[in-house]
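These notes open a run of structures that come right after.
Next come two complexes, and both contain chain A; in the first it sits with chain B, in the second with chain C.
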Partner chain A sequence: MPLPVNPATTRLSALPLYAIGAVLSAALLAHAVWLPWPLLIFLYALIGNKVLWQWRFARALPWWLRVPSFVLAVTAAVASTGSPLSRDGGVALLLALAALKYQETQTLRDGRLLIAALLFISMTTFLFDQNLLVSIYTVTVTVAAFAAMTLLRRHDDVSGLTELRSTLLGAVRGSGRLALAALPLAVVVFLFFPRLGQPLWGAPWNSSQGKTGIGDELRPGMISKLWADDTPAFRVSFDGPIPPPRELYWRGPVLLSFDGQSWRRSPFERLADGYPLTFDDDRVQRYDVLMEATDQHWLFPLDLPIAAPRGARLLSDGQMMTLRNIVAPRRVQLRSASHGQLETTPLRGSLSAARRLPPGNNPQALALAQRWRAEGRDDAAVMAAALALFHASFGYSLEPPPLTPERSVDEFLFETQSGYCEHFASAFAFLMRAADIPARVVTGYLGGIYNGSGNYWTVRNSDAHAWTEVWLPGRGWVRVDPTSAVAPERIDRGNNERALPQAGRWYNAGWAAIWRDRFDVVSRWWRQRVVDFDALRQQQLLTPFGIANAAINQLLIALCIGSLAAVLFGAWWSLRGRQRHANDPLLAAWHGFGQRLQKRGCGRNPNEDPLHFCQRAARALPRDAARILELGKTFTRYRYASAASRDQIQSLVRGLRQFRPS
Partner chain B sequence: MATAMARWRTWLLARAERRLPALTRLRQPESLPIQLHSRRIYIVPTRFGLLFALVVLAMLLGALNFNNNPALLLTFVVVSIAVLSFHHTVNNLRGLSLEGLRATPVHAGEVMAVEFLFAEDGSSERPALILEHAGHEVAFSLSPGSRQSVALPMATQSRGRFHCGRLRLWTEYPFAIVWAWSWLHPDQSLLVYPRPEAAAPPLPGQSSDAAGSQFRSPGEDWQGLREHHLGDTPKRIAWRASARADRLLVKEFADPINAALVLDYAELSALDPEQRISRLTRWVLEARDRQLTFRLRLPGQAFGPGTGPDFVAQCLRALALLP
Partner chain C sequence: MLKDATDRAAVERAMAAVNQIVLGKTEPVRLAFACLLAAGHLLIEDVPGVGKTTLAHAIAASSGLSYQRIQFTSDLLPSDILGVSIYEREAGTFRFHPGPIFAQLVLADEINRATPKTQSALLEAMAELQVTGDGETRALPRPFFVIATQNPVDMAGTFPLPDSQLDRFLMRLSVGYPDAAAERAMLAAEDRRELLAELKPCLDAARLIQLQQQVRTITASAALIDYVQRLLVASRNHTGVRVGLSPRAGLALLAAARANAFLAARGHVLPADVQAVFAAVAAHRLVPSADLARSRDALTADLLRQVGVD
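Entry: the complex of A and B
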């Protein structure tokens, strides 16, 4: 069987072509979340077409199929995702080119090129998401790419399902074992490899584009968009007692200016150089927040925050934001006062903005509030009247009738009377302002899920909430959550799902909840220990060896020693694995038997046949002579003479394994 | 470009072999069996390996630049798998041994299928091995503890002892990122028969009408005694006469046909030695084809009379090994 040398002319057989197609499809799947679906479908069609063509005709695609698909795919990629220099555009183009390359893959060289490209493409998945599931999936795809690489050199076509199965299994098992053996080395290098202080080029692409999250504006429908999103927004672990869920108000943007349609942040926010918070030192919560990447700068401290951590600032209205957008998961330590009072003496000009309403807006609501005032009610009574109104006839609904933006408050109060937190907060704040009580809308999150396995709280995007604050003389800004007047269970449970139509999702069932919690613990570990790993933590790695802040040369020495050890271990482990008789339990048992006899000073000579060996062993160990001879004879008979049944072989395997020289 | 590269590579290899014989193990043929141990297995990245390194470098730079830890970890997993695969590539050769080689002799100028017998030491599966010689490659694989003979075609030039020269056993298994090879230079020689003359005259003393009596068994007419030569069958020794004469004598019988078919080197004095050998070879083959009994006389040696494959092989061997 002479074999051409040149990879450029060696044609790939069908099996490696299909294998590459499978790996390419799997790599593409990881991008399905963000890739525009027409492009995704088109790329899958390209792959499928190639596979069909190979299967049906066993030859290359003709040019009249390749040229149009090239033009189409590149145009579609550029048109639907933007500039090839942006993250999305670049990756989409790369994916399109890989699918096109697959179309014309015929030779060994094409196959290798494509697999090398696939390794890079797998990595680009992490530009979009870095969570545990994505990471596991991506590593799996990479190992599959290596398995496909071992298949490339097969020149003969596989015939029959059994052979196909054993070939594929062999390739997957081989590269899987290699990957396992490689893991210690990878971890050592990961831990000790020097990190860049500054990026070499460009700003890091954010990894959260297109993600929902709380923004600086409250418009009808904004929060309900988040309810579909069950991904964690942040995780919190408390030092000390945990407040009840109904008090877990995670404070986000404070919206002060109302233009008649939507609530926005005030352009006149100031840094809290004299942050007007009075609080009781005894009732301070300390906690640790692990933020997911949001590409925004909001932090969500527990109401009310005391001070900003490093790299963040605190505004006088209790908004906390990082100096730079959170593009990668970030951990902060915070303190909050659960019973603090904010701005008991008003800062100059802050209250007038909180009373302002656009003239002529929502006249019915305005008239209602002014009538309450005219009836001589004080601030507290007006608030009570509004809450009573909500309580009396309003309903909580996730899908309320749509409202006209210009008169949304009037329509909500007098016509539809049904909505969710943002409707109630918006209407309540409007009524208060109409009654000349300073009021503002606060957005953020409410509650969270307690994870018993890891003793921390997970706050998800679906926990998004909006409430109001009113300023009362002598008490400062007081939190009022009008939603509680309508749907107290929404507040008590601290978990909207159970109060809402989507309640009873399968993963809230008992067993699923336990596993979900466990998975979340691992996820959180991944976030904290791997995704968040940085130069600072790297310096602390050698602390157990007495080096507190390791310098770069110490890290490099550790890298060398560690990787040497890991290479030796990996090579030993994976090669040792090859010597096992994985497919032949009888032979494996026989070798174990031989080793046990060797320990008793009766080693097997390589050129000795089993029977002679057993006779010699029987002479050396007279007490076990009968048993040794019997096993040896049976082994010889089953292995070399007659076809033994499966049961017979199994009983012999058991006998060999259980034998111990007395 | 490609040819220039190839030429440059050949030049470089030749130079390296001249300068660094210890490194390239060119020179000394070794006696069989040749066992491959780590020190004689060399390993070098393939062209794909260089591409692979470029891709990994790109991954590394990207991951470092974006401070993307999962991407960095993935990159290191890829690098680690590649590094460990080097061991597997070397291990695919290590412990293998070349136990022997054999070939059915052919005539000079023909292609000889040389079979190399490889043995696996029982440790592991060895897929995708390639034996290479002078541009010919054969792929094979060995299962644990097995032996396998691998045939390579080799062109022969001249009669006599044939040395297969240096062979390369190489593998790129599993990922073709690196290739490992080892030189095999067995000292065992093989036999190449002389090239038969293309247009040789007919067998001496043969006429077409005599062909009918060729199956007559020799030895009907007693002719006399002669001195014993090496190669004479013991049946024909005249024991009594030998005892009287104090030396071995052999009975000679008159056999008109066989007496005529003597292939004698000395009679072809008009030709130069190689031409004589070539012609004798042709005649031997012809006699074999016609199943004639014949004698072959070479300088200092005489064979026959005899017939059959063993006798023919003996004659051809003698012709091949003439100085």
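Entry: the complex of A and C
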């Protein structure tokens, strides 16, 4: 039983020091994905140095090690992550300071302070990511921190592995039990603590390391960079029949202007002219899109979208964008008409921009297209000729030879003849424009992976794709995917599994795929139910109780009632082990007696003989010695010698309860 | 209850006498007498030369029991212990010559130097309190008390006693090196063996049987039995233990705790009594997990630490 001590002077033994080091390392590990690696390695070196020093010399680190490491760590943190006021800089500085504090941790007070700081630091992980795995990991670190806290008072009387294991297990079990007892309260506060409609402040986003994703420019190599990124871009669940994968063109930025090197969005966003889509109402697809955070404003509706949801707008060329960047996962409900016709009567100026080419650019390609025209072919025949050219001699390759930016189309068409979607889309659009057919490049995603366990589609960044649209009189903008002329399987499969390098990865096959799908279902649930739980959903929480739109004061009442119930439950749950004393008033009174003595620095060891305990307490508190010994002897006699009468026991219980150390 | 103060005084005198010969070992001596009073057998295990045999001799001499010593060697046969029937020409019959085991106190010195077959002969006799041979069963005298000594099992030339047979001993003690003062006194004074020869018995067989009966009547309350039971359960659930304590070990623990309470002039057993004898009674009955190099004594200490008194 712990005796009162002075935390500032009580030195920690090795075991708690190692435990704190382990928790600190674990908290640091959660930041390993973004922390600059030299800083990460340096911080781990600081922790390792402390552990080694403790193990080898069993004393504090000398000042001539601590001072330089302070200067180095703080400099490194600020230099490598930027201002301490930004998210990255702030968290990095916090981590560095925690590692430095560990350097000088010697006493009980240091230990408590550092663990309290670690509880906060482990929560900073959520500033970076809130997915299920990160959440589980962070909660684990928190429980471990509490376990380390219970170990703080342990002395090094651990001999051998079994005892170490049982000590650690006991600590983890104890803090796990605490966490479980606190769980209902956490759920109640999560549900009912009033949320703001808008965040009070945005998480400071570092654009320096923004997420990859489709942007508003297409230049060689942009999409191939995405292929390495297997993370989900968004998930879609269909309301009704699911179109075949080859039809799943997820429409992103439309690139209209070509400067001879790269395709860009038109500088003039055509909103005012309206959205000239004609479609059949009976053949509309309804679906639900759960976007991951991209820090961009693109939504990727199925080709072609019908209307923009709240908080987003739809441009006349079918691009859909949110009003604010998507910095947190976001769910939207969309409708699309895959058979729809876009802009059958041309809007003012849109076709001339779609015919424009920089003068003198890629002369060979220009000449080829003009020759086709000169041969008297119409639009359809020119398109067919271009597709036939691709089909005849071009190859689909993920690692095509590099192209000179200024003559990329010429080189691609006449020299390398090998590339992937963006090469084909770019060259095809160029040829069309050269033949005076309005054309533009559309980027987005193609296909997706169907998750059978959750009945939804996952579209990953690696599903990124680029295709072409040409404008034909009477039909409007028509989608032409030149890649399909070369690599139909890229289109047919609905995803790029066979064509891409990660096709053979273990997690795309067999049981691994099944488990990956199941995990994806869980993380989608987490995203929808936990991370996306916002003020709006909170308002609807009390609907089952007849309150349609809960006001803040109603939420507060629910919070109070729920918290009270949760605290009572937690208290009952963590105290239920002591229930057995309830029917033995003598034992309960005895324990109360022990607790009062403990406050005087003379606690009862649970495994201590009662008489021994009283003798020890009597020595420590000489003024009460006689009374303590008398109570102890009587207790021992009643409990271990002869059966005492009810009256005798009651008078002893009274005596124990009334005892107060003087 | 304490009407037998004179009897206990005799035990205390005997203990004092032994303590004068084996210096600085009051705790092992006390436990050895507790073992005697609980009518259990005693195993003393330690390295050679720390006074195992002297301790056993002193107890034998002070207790006033009829006494035989058997030096176990690797060529010792069961009949060397139990006795043998020899044909007598004058009488024309076989006559049984009882072996050294037919004594009230048998000192089995270095028991683990004999072969398992010979060890078993002794251990079976200890368990059954009788010897069966030539179709005749002969009861051993009462009280019957065996003090065995052995070297630590990892020393050369030993046959370790199997775990199942270690159970026959109520307690296993180790003597340990004497502290500096006791060792100095031992080196300076005259030969211990001469002192041993001068030792007067303080007890006798009849009195010892009576004392053993008194010990059996000492109260163990329900709360105390709960405590013993929790210890047994904890030993079976402990990660470092492969085979925990048996119900028989629980009985042995209670018996030894009663004797300890008797020596403390108490009519009832306290948790402190259980704790005092726990290592001696439980350590040799626990089988530690093979994968963990954990001493049995550390295990018993851990169990005592884990299990709350109430």
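Here is the rule we go by: the second predicted complex is superposed on the first by the 553 of 662 C-alpha atoms of A that agree within 3 Å, B and C clash if a C-alpha of one lies under 4 Å from a C-alpha of the other, contacts with A are read in each partner's own complex, and residues count from 1 in each chain.
FYI, a contact is a pair of C-beta atoms (placed from the backbone, for glycine too) under 8 Å apart; a residue touches a chain by one contact, two chains touch by 3 or more.
As the structure is a prediction and not an experimental result, all values here were calculated from the model.
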Chain B versus chain C as contact partner of A:161, first or second or both or neither: second
Chain A residues touched by each partner, larger count belonging to chain B or chain C: B
First, second, both or neither for A:142, with chain B first and chain C second: first
Touched partner set for A:127, first chain B, second chain C, both or neither: first
First, second, both or neither for A:240, with chain B first and chain C second: neither
Touched partner set for A:359, first chain B, second chain C, both or neither: neither
Contacts of A:622 with chain B and chain C, given as first, second, both or neither: neither
First, second, both or neither for A:639, with chain B first and chain C second: second
Touching partner for A:510 - first (chain B), second (chain C), both, neither: neither
Contact residues of chain A, present in both the chain B and the chain C interface: none
Footprint of chain C on chain A - complex, ascending: 159-163, 165-166, 587, 590, 606-612, 636-637, 639-643
Chain B partner contacts - residues on chain A that touch it in the complex: 1-3, 5, 7, 109, 112-113, 116-117, 119-120, 122-123, 126-127, 130, 134-135, 138-139, 142-143, 146, 149-150, 152-153, 155, 174-175, 178-179, 181-183, 185-187, 189-190, 193, 195-196, 199-202, 204-205, 207, 328, 530-534, 566-567, 570-571, 574-575, 578-579
Chain B - residues contacting chain A, complex: 47-48, 51-52, 55-56, 58-59, 61-81, 83-85, 87-88, 91, 123-125, 128, 130, 136-139, 153, 172-176
Interface residues, chain C side, partner chain A - complex: 219, 221, 223-224, 238-240, 267-272, 275, 289, 292-294, 298, 302, 304-310
